[in-house]
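As written, the chain order gives the labels A, B, C and D, with residue 1 at the start of each chain.
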């Protein structure tokens, strides 16, 4: 009963097999391995973007920070949600890499076009004194488990384009969002107006690989230099390629994300049946639910692992409602979910 | 016949097995995995340093840059050899992370105590105008395949201590140097006066893991924050731990390094017998040799892969001596070496 | 009728005289001039802080950025008001110098202790993932022309101290605030809990000099290195010293600030009499007032210079209320004010 | 008898008069003052560069650092002499502003085209691993008091252009070099191939003003943002403009530099007559001379102020030759020089 994070589960067995497969003979280092060509071709095909620049790094923070640094200048701001991972969970890495300031668009998990427009319009009205407008960063799945619809994405990108600003998507849970929407990679990115994507694999069954995709290849060389200067270029790069290659082969990325989302549906339905309420509508693989302290205590006692959300387990009022975050990855079994749910009754 | 780099060969099978072993159930993310405790304990024991701070990152450049940033201030200089990896091969990463300037101590692959003392003495004589003195960084094995003796290391550290400067060791090939010297980890580091080590694993059979070890634990928390801010903290950290754990288990680190060095000896002896000359004395697992263009052409035609060193294969003078770099990792077989050598005759 | 900024008026004649006085013979460069000793002594005496470290720079942004960089680490945040000059008007200079992120404490011109406590408490709850807590920066006079009372300052500093955080005061209009409160420099700074001050002179009659004062001298050398590395150390430093020396001699700083504040009172009273309303209570030398477009048009036609505030002069509705910012420096005359006011009727 | 630096003397009286003149009424802040238009026009005319972008900052280090940051990228190197001011005397400011690494071209005070070509050719041979080639920075007058001829400048710029690299000139003593060569500003800059100049005023009679001139205006806006972000944009900018305006009016820049150089000739001739030898040929306003300790002791006893150069006054051997640096600014009088010289006999 481990719902703490989609970082906590095992790597998908097909990925380990792919690593073993790749572990033959000699390969050029630093991204010149043959497997990387396959990966690049696959991503270009899946995204219907034959001219895209494609790179691999090992952490989501690296993908976001390097992508944003490439899209921005140190005297600019990056527009994002106040709960964006790049703001709350990356210890100033985006600022370190880009030099830019993050402008928090007022609102919740999702930015609205109106709030984004107002934030952008409010900047660059002071000439050289204020920072200048830079990229917009959209988190899809959001950090609250919700998913922007294609219409919502298009509307945000349209606002960015009004001001001629590039758009970045933090897709640490890209595939969970995509299968939730039932759309194509292209529809969720460049067709909606996204210029660069952090295309996550780690949270969806890989060991540690994220692709960074630029639909405009003119930024490719700068990204390569930034990646090396950031110490994120792997010498034995073939093992990153092998993971991403396995991910995109035989629909592993899709089946893993569908499984994770389905696990989440099963869990959410059970929680709802048990009387829990939801802080956000669970649309992908994360649930923010609220139920009585007594139930949390029972779950903890039985070994369930997950994070309380702005709440403390200790306390006397067993009826008090405590919020929590529950995350499902591809590896959670129905049995684990059902065991968890059984403890709520 | 692949002698291009110790980054090009396969990962040791025991490492892949360790990854599979680690791939069970759920683990805390971000370095709180149980395996990391084993790794920390093992490194502290092997280095006879019970209070050492131990961290894992995935690239050598990250290990060096983060360690040096932790040891320095942005208004300081870092003293190193003109051929140090941190100067020539890291695309300004050490400067990016530390803000410091690299001061190149005149000389070749090895710094001498006299040259180091003169470089240090020459700085900080201008008050606030010049940069201030910062850490000394020693590359062991050097970038030319030579190895500092313990006496040489002690003498360099002594100079650093005269000026109260910390010492960093870039040990991307730490174990190759250690087995060449026949000394203990402690003798090659803190007993000689080294304060922090980049303890490499990637070039010696791992997939991509380097430990950073501080013998003075007061720098630990700063390093943790720098690692996260640099986007080098892995969520699924257990797979870094598993690699390093396998490395230090059953003497894998030692046997791999001994094999690589032995391969190098076999290759060097064959080259010598074939009349090649050496630019540097091959003391670990790298050879810088010079022999006629005609032989290089034969080798290339037969599929040998390695880097020419400041030379071009193309040219008419078949007697001209061309230099090259040949690197052996643990996986090179006697058959490959002998095949290579047979082409020289 | 020039109310655009306290940057727009002339330098006080006594300051020019002091520059001429200082223009004799030879002086050590880079802050080792004899006049700087006088300045240091005067500031220590006036602030009742015999151990304070005192430095001069030429711009307010340099004073703020260098002071904050000295008080913070690149993985921290700096707490400030959303309308703080360091956030809105310094083009990311504080981030450039410090590497830290600015956390905007919700609210208006003044931070409240409750909001500050909530902002601070909300951070550093994510271990290494979120940025760490850093200094609190208080703008006195605020960017809306209001002045923190001593009680308010003490309460804010108390919150900072609860979390062991240093406090910086952006005192670009330090003296305007001080004479408005009728307190001593010590009362408005270290006695309230402030650790470092940007003590402005430029907006109060100097040509371009701000002092940075640290009440804890242990940060002195780091500041000196940061100042030089930031290219803010003047070679002909005596001309900075001369200005600051003149400022603190014969109460020039006090009389200039009193005159500016008095000008503001005269202008505000006239505006109130003419029916204007105020967005903020004018407590020092800045007024945010609102009156009909028709009056603005008359003023502009007559040559009055000032900034409209989120409003456009052009428009048909002559009755529409437009906000504006009016700033008085020491040099504004009663005649100019009265001429301005006469146009409102 | 003050020969310590051209930073130590008084400001030219015409400059103080210009400040007083400028001290009338109200002016737009931050570079929008009317005087700046005059300055821009004058510099464009003098440099025969009608499209040049012209900015003012207050320190030479700011001029150099901001110009170089605008010409470079953080993954590049800046080529310069090992004795360049940007390397030895700016406490890592160029690295702070640009992120680039300084590559020291082997040699002395002047770079030779051959050494520069070799340094440039030696870089960017490692793909993404090494830093990339960036701007060349030429110091004119050099830090050893010598002056590049027009032929030498053209030859260096030609090498830079072979590699498509921009050229920066650190002209802290620009006018001293120009009058020594008897050439025009255009000949010493863009006609020779220079792209951007730090056009110094401070060492030649101003209080603290340097112009940065880009002959290609496309970099203008980036420079403006970098200047503000670096905290180098003056609010009361008119007082920078006034200084530079006075400098370029009535040939003050030329007459001051000619006077400084003439002072240097007088001093050098006297030294030569007294038997001193010269470390470098004094071609502008700086002398590096060597004469017996006894004479230095006499001079110090009589109150002469100057820097010994890698030598210590204390010592028994009165016949030992000690080197020193002697700098003349415009304000040194014949009487002072003659008094100094009289002590040598």
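A few remarks follow.
Heads up, the rule we're going with is that a contact is a pair of C-beta atoms (placed from the backbone, for glycine too) under 8 Å apart; a residue touches a chain by one contact, two chains touch by 3 or more.
Keep in mind that what you see is a predicted model, and the values were worked out from it rather than measured.
In summary, the chains found to touch both subunit A and subunit B are C, D.
Interface repeat of C-D: among A-C, A-B or B-C, the matching pair is A-B, sharing over half of the residue-numbered contact pairs. Each chain gets a centre from the mean of its Cα atoms; the one farthest from the centre of subunit C is B. Across the two interfaces under comparison, A-D and B-D, the one joined by more C-beta contacts turns out to be B-D. Look at the contact of subunit B with subunit C and you find the same residues on each copy: over half of the numbers used there are shared. Computed from the mean C-alpha positions, the centre of subunit B lies at a distance of 42 Å from the centre of subunit D.
One simple way to say how far apart two chains are is to compare their mean CA positions; for subunit A and subunit D this gives 51 Å. Taken residue by residue, subunit B touches two or more other chains at 30, 74-75, 90-92, 96, 128-129, 225, 228-229, 233, whereas all remaining positions touch fewer. Residue ranges on subunit C touching subunit B, taken from their complex, read 30, 73-75, 128-129, 132, 222, 224-229, 233. Residues 2, 4-5, 7-11, 13, 16, 19-20, 23-30, 57-62, 65-66, 90-93, 96-97, 202-203, 207-208, 225, 228-236, 239, 305 of subunit B are the ones that touch subunit A when the two sit in their complex. Residues 74-75, 88-92, 95-96, 99-102, 104, 126, 128-132 of subunit C are the ones that touch subunit A when the two sit in their complex.
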